[in-house]
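What follows is chain A paired twice: with chain B in the first complex and chain C in the second.
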Partner chain A sequence: MTSLTDPHKPAFRLSQLIYDTRYRSMTIQVVAMILLLTAFGWLINNTVENLGALGKDFDFSFLGSRAGYDINQMLIEYDNSMTHGRAALVGILNTLLVAFLGCITATIIGVFVGVLRLSKNWIVSRLMAVYVEGFRNVPLLLWIILIYAVMSESMPRPNDFRGEDPSASMILGDSVAITNRGIYIPRIGFSNSLSGNEAVAPIEGATPLATGAIDWILVFGALALSVIAVRYVRKKATITQEATGVRPTTWYWQIAILVIPVLIVSLFLGLTFSSPYLKGFNFTEGTHLRNSLIALWIALSLYTGAFIAEIVRSGILSVSKGQSEAAFALGLRPSWTMNLVILPQALRVIIPPLISQFLNLTKNSSLAIAVGYMDVRATLGGITINQTGRELEGMLLLGLFYLALSLLISSLMNVYNNSKKLKER
Partner chain B sequence: MSDTHAQTVSYVRDTMLPQAEPPLRDKGAVKWMRENLFSSWLNAILTVLSLFVVYWIVSHLYPWFANSVWRAGSLTECREIRDATVGSDAPSACFAVIADRWQQLLFGFYPKEYYWRPVLALVVFLVSLWPVLFDNAPRKMLFFTLAAPFIMFALLWGGPIWGPLFVALGFVLGYFAYELVNKSAGPLAATLAAIILPLLYWFYLVGPLAGLFSSVAPIGFEYVDSKDFGGFTLSVVIGVAGIVLSLPLGILLALGRSSDLFLINKVSVGFIEIIRGVPLIVWLFTASLLLNYFLPPGTNFDLMLRVIIMVTLFSAAYIAEVVRGGLAALPKGQYEAADALGLDYWKAMRLIILPQALKISIPGIVNTFIGLFKDTTLVVFIGLLDPIGLTNAIRASTDWNGVYWELFVFIGLMFFIFCFSMGRYSLYLEKKLQREHR
Partner chain C sequence: MKKTVFFGAVTVAGLAAGLASAATLDDVKARGTLNCGVTTGLAGFAAPNAEGVWEGFDVDLCRAVAAAVLGDPMAVNFVPTTGQTRFTALASGEIDMLSRVTTWTYSRDTDLSFEFAGVNYYDGQGFMVPRALGVSSAKELDGATVCIQTGTTTELNLADFFRNNNISYEPVPVETNAEGQQQYLAGACDVYTTDASGLAATRGTFENPADHVVLPEIISKEPLGPVVRHGDNEWGDIVRWTLNALVAAEELGVTSENVAELAAAPTDNPEINRLLGTESELGAMMGLDADWAVRAISAAGNYGEMFETNIGESTPIGLARGLNAQWTEGGLQYSPPFR
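Presenting the complex of A and B:
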């Protein structure tokens, strides 16, 4: 039975490449590699041939040449004598603006609706169900066009605000005018501006949404520092609580730290609100939010909000009832039960799909094309391509921008998700 | 004891009282309202607020619907009828535009005399779905399901029936090649034969054969060009083609992404992330502007086909992620059990892993399909006439210049019906496949 000799070692045979599992995976990968490289080579070869036939080359220098077209909404300075690259940047900022605004409002709507849909109140939960199903089952494009049509067809004309007995009036203490050309809100300006941009008059037909980048950076910098300080105060309160068992009352400190520095910086810069007023045929002063921005923003928020509501609802339902019963049995107050027991567990379920909804919203903002909002698809992927005839380069850059944005958002959120994840064993 | 007691107490009830009615606040509608609408202050406020919202919406929309005009030739005629019946400042919907143009909204510019063809194709599609969606259908029906795509193609586009017929024969050829070679040379060679033979046949034989038969026996329907497709026909054709093609591709990609083979894994990850990272609209523009760059010089094929390819790749990436979630959610023991039984990779996947993983991912897959169907509206931006594109075309005519809401309501309602029923089916399927936690 026992044999001391080594087992017979067969020589390597070629058929082992196919039938032996140790080698087969290598074979498959080599074959796949060859096929893949052939396919890539074929595509690149075709592209080179086609470009050659059209007399085109592959060159990104068009980004440095003069754009020659106007953009009707911009966050940074731009006019048509600037480059295509600058125009693309303006478009990128517009995309980011509507995506950012949309993410915030969609989250707020989603959380409210998701919670209300679980309400025991019959009519409220039904109403929310109608909202969610209505928005989830109808294309976003239709909502965008519909809201745009409501804005531009059903809202009063600027002319209606005129006269002794106007048929339309401004709201919020004569500071906001909702017209069929868009919404006019007070413009925030700085009279002691550090960048000296205050003198720049609004360009005809264009909307500079913000002027004086340095001032804004200062204000937001102060806010960021305040937030850090508030966190520090909270941490100290927690340390005291752990040492003595009593949590010191700090909420007025927190509010003071949050508000006072921003207020001081704003007063130093000379914060002014200039309300819009009628002049000629239209409103002047104030910031003009175009219908395209408003329609896109509202539609994206309502549409994504419906999806987020479902996510929030399923997240809350996923926390088993025993958890809240246990918390009540421990004598925690309802608000503490929510904050310390239910929410942390629900968030773990909510966050990953929420991230992908944010990504979807950002990508869906490219539907701006339906209402003529000048996002990056309209500038870089639209007018620039049409003017320079560089489809390949333009679309490549456009795709890379969206890809980079998606990867950035998802990796940031993954970091957050990992920090909140259930630590197992 | 009892005697004394009887004397101290003046009256003792010795009969049961009849059951009393519950108090008014604890029965019927009042009780229901107290429990469901006014259980607390917050709820009462919410109820009043919601009632106000409902009232506001209904009071604005009801007159519009109630005064609607269904028979008129143009918007101005609509307005005249409204002025004559309810007065000039009353809101009134002009649904006459739907009555006038519903054919266009459903079929686009498909020739009028052939409207029965898309309708018949839809019927074929629904019948072919029956054995797939519900298990009370006879199993033999599955053969009809397999033939359905070719029948639908022949019905929708027309042309000689030999083209779709010979293409379909390629699959039959592949099947027989597999069966024959499997007996003599084993499964690997059989698989290769089943892939290579039909490919050769499609590339070199189908064209001449179909051409020959068409010239000898030109049987078939009148050819309809892709550019005549429009409206919901277009949406449904693109949507259904995308759904049918993207499911197998998505499953393959998901298997690739969870594969141990380094290269295959990385290629799948790259493909999925690139497709998912870029909006569909950019891919559609790529299809319409750039696809010609990547193909051999001189190739030029149908825009609709390009769109279908792009939509398929796009939703395949999303389905891959959903299915990957299902694969990851399976306990490891299932994989190990499959290995322990000595099943090879494909058998293990086919018999053990995928049925369970797909069951878990049904809601996600159906959601992706709903998303795909809604996304078919984006083709309007590359010049195809989907329902939303047709609203512009309808508004462009002098008769209906200025009609917005009626068209949007109609289109929204159609999409809602399609998508909502898909969602309900997914719920039904989830319940039916639920085997545990009864």
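Presenting the complex of A and C:
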């Protein structure tokens, strides 16, 4: 018997690393990895060396020291004796506020314009095309500055509202003042506030008012419960419709359920509107929407809205024409066809690019620098860095914040996307 | 693989060698121009004229340093910086010196690792309001809207002032003086606050300067001066002593007109001789030639001449010497002796 010997195994040669396809990809990856690590190592080393050369250390303790500067728009309590960390938080909330408002209005504008751009009415569709092309093709910064300049240059000064025969007057029954420092709208207060805030009477003889978190939680809690109740009513109507073929009329129930509980809670808390009025240099009481917020909000909404309009249009066009023809053949009205047949299918195409528009809007809000809106870039990334000289730490924190916010937005939108996308089974 | 390791080692060694940077003086000489950080535009201190040439009190200091180091007062590359970008520009090496109405404070000197090379203007923060408002004191400004350049010491002084007087205000942050001026004139803010010299300079450019008043309160000390990076003492010395030479020249009566004559031959005054390099070699001690001060003074005149031509009482800005007079005339401008 001859014993079978293993086939001759060639010795491993170095050249195989390049010429042998079994090893080549591995070689390339190892080399790329080494280059990448070298580049990172150089960057870090460079930073450390340069910080050393400048005699600086890497330290985040500045966040706990006294800020010393004031911020005009505060969503939480803040004054100049609080810390840089608190100032950064005020800025973060301002960024979130303008991003949130912007995303909502941009979506509304985008959906309307996107649908109208497909209108058969020539004038409407052309007008929408002009809007989309106009806003999409001009830098956002210009729009922000333009709106800001229009607000501060052409609106009346608070002083113009004064005197026997003022050259400017408040609108909507003396409740809203549009000035070159922003728009003052009535403030909502509660005369029976539960939050323990001291109630203050704005003018002598007026009802004392206060606003607190607890009051708002109660009001919105009532609203949330009403919404759940309305959904229940609708579901029941659908069940009845499926059983009998006739949908019971429930709209008055729905309205009553939505309005009455909120109304009762508000009355119980003593909801009052206090209008702004002139005192000293400015309007007081009322809520002050500053020029910077308005300019940033409008410009971000209109600019991003133009992109969203195109996304919506492409989404609608992606739905096959047969779908709407089938809907019409079934006798559905055009509005129902849009809401029940086309938009739900279009959403699958619309949502993914919509996510990146929301991210763009959020990051573009850092253009607040142009109009002095006190967002996180202006507080943490601007004044704090300047007063403490912690550029590296501040910019890292700022980058981290925007990264975290973007990831949060895209993960939330991905959850929504997963609920809408085509279910493949 | 061995080759990769070898190349890696070579790369690392090469990068490490590149890190050891040369001194600022050598950089400036090799480049042939001085990178000088100035404001984005503040009439009288630093602003481009109709031909686009930078002019002003701070600009002249840059020119004097360029003349001393490079021999050419025009060999300056002006980098406009805002209140927020100036320190980053200096720390990163984008500019060699900052001559931008910058207040000398403890934390900027120590924590921010900069070096103030003297004071070229003793200033204080003031308030400007339209005359029509009828305000006569800053303490009457409760509830006012105040335009303020963000990232400056004035921002902190303002917060402290209103806090100490227990009155409220609404800050409107602006990025540059031009933006502040536009907001103030549009009435988007009632008050504009910055250094009193800056207020005078800004008011000087208004159509009707008389319609605006600068309130009497000066709420802070603002010693403004040129800044260099910490750690390059030789370069810091050059900037510091160029400024001192300009101040000393005024004290000694050396002007841009007579400097050439005085430098031609030794005079009877040994201090002038030392300053102008006709006696002993002071210039060589900081790596320059003997004529450095002559060139610096010829560039834009001595301290007094610079003051008068740019911001003095004969200009639209119309600032009095006040604290900035020579120490011999009751001011604070005082140069250590040249010896």
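Simple rule for what comes next: the second predicted complex is superposed on the first by the 361 of 425 C-alpha atoms of A that agree within 3 Å, B and C clash if a C-alpha of one lies under 4 Å from a C-alpha of the other, contacts with A are read in each partner's own complex, and residues count from 1 in each chain.
What we mean here is this: contacts are C-beta pairs under 8 Å (C-beta built on N, C-alpha and C of every residue); 3 or more make two chains touch, one makes a residue touch a chain.
None of the values given here were measured: they were computed from a predicted structure.
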Worksheet item: After lining up the shared chain so the two structures overlap, which partner does A:391 touch, if you call chain B first and chain C second: first, second, both or neither?
Response: both
Worksheet item: Touching A:378, do we find chain B (first), chain C (second), both, or neither?
Response: second
Discussion item. Just checking: does A:49 make contact with chain B only, chain C only, both, or neither of them? Give me first, second, both or neither.
Written reply: both
Item to complete: Applying the touch criterion given at the start, work out whether A:139 contacts chain B, chain C, both or neither, answering first, second, both or neither.
Response: first
Item to complete: Kindly classify A:25 by the partners it touches after superposition: chain B alone (first), chain C alone (second), both, or neither?
Response: first
Discussion item. Under the stated touch criterion, which partner chain does A:174 make contact with: chain B (first), chain C (second), both, or neither?
Written reply: neither
Discussion item. According to the stated criteria, A:38 is in contact with first (chain B), second (chain C), both, or neither; which is it?
Written reply: second
Worksheet item: Where on chain A do chain B and chain C both make contact?
Response: 46, 49-50, 53, 153, 369-370, 385, 391
Worksheet entry | Of all residues in chain C, those that touch chain A in their complex | 1, 4, 8, 11-12, 15-16, 19, 21, 83-84, 87-88, 91, 107-108, 111-113, 133, 141-145, 150-152, 155-156, 158-160, 162-163, 169-175, 183, 186-190, 229-231
Worksheet item: In the complex formed with chain C, which residues of chain A make contact?
Response: 14, 17, 31, 34, 38, 41-42, 45-46, 49-50, 53-56, 68-72, 79-81, 152-153, 157, 159, 180-181, 279-282, 284, 291, 369-370, 372, 374, 378, 382-383, 385-389, 391
Worksheet item: Once bound in the complex, which stretches of chain B touch chain A?
Response: 35-37, 39, 43, 46-47, 50-51, 53-54, 188, 260-264, 267, 273-274, 276-282, 285-286, 289-290, 292-297, 370, 374-375, 377-378, 380-381, 388, 404-405, 408, 411-412, 415-416, 419-420, 423
Response to the item:
Interface with chain B, chain A side, in the complex: residues 18, 25, 28-29, 32-33, 36, 43, 46-47, 49-51, 53, 116, 119-124, 127, 133-134, 136-142, 145-146, 149, 153, 363-364, 366-367, 369-370, 377, 381, 385, 391-392, 395, 398-399, 402-403, 405-407
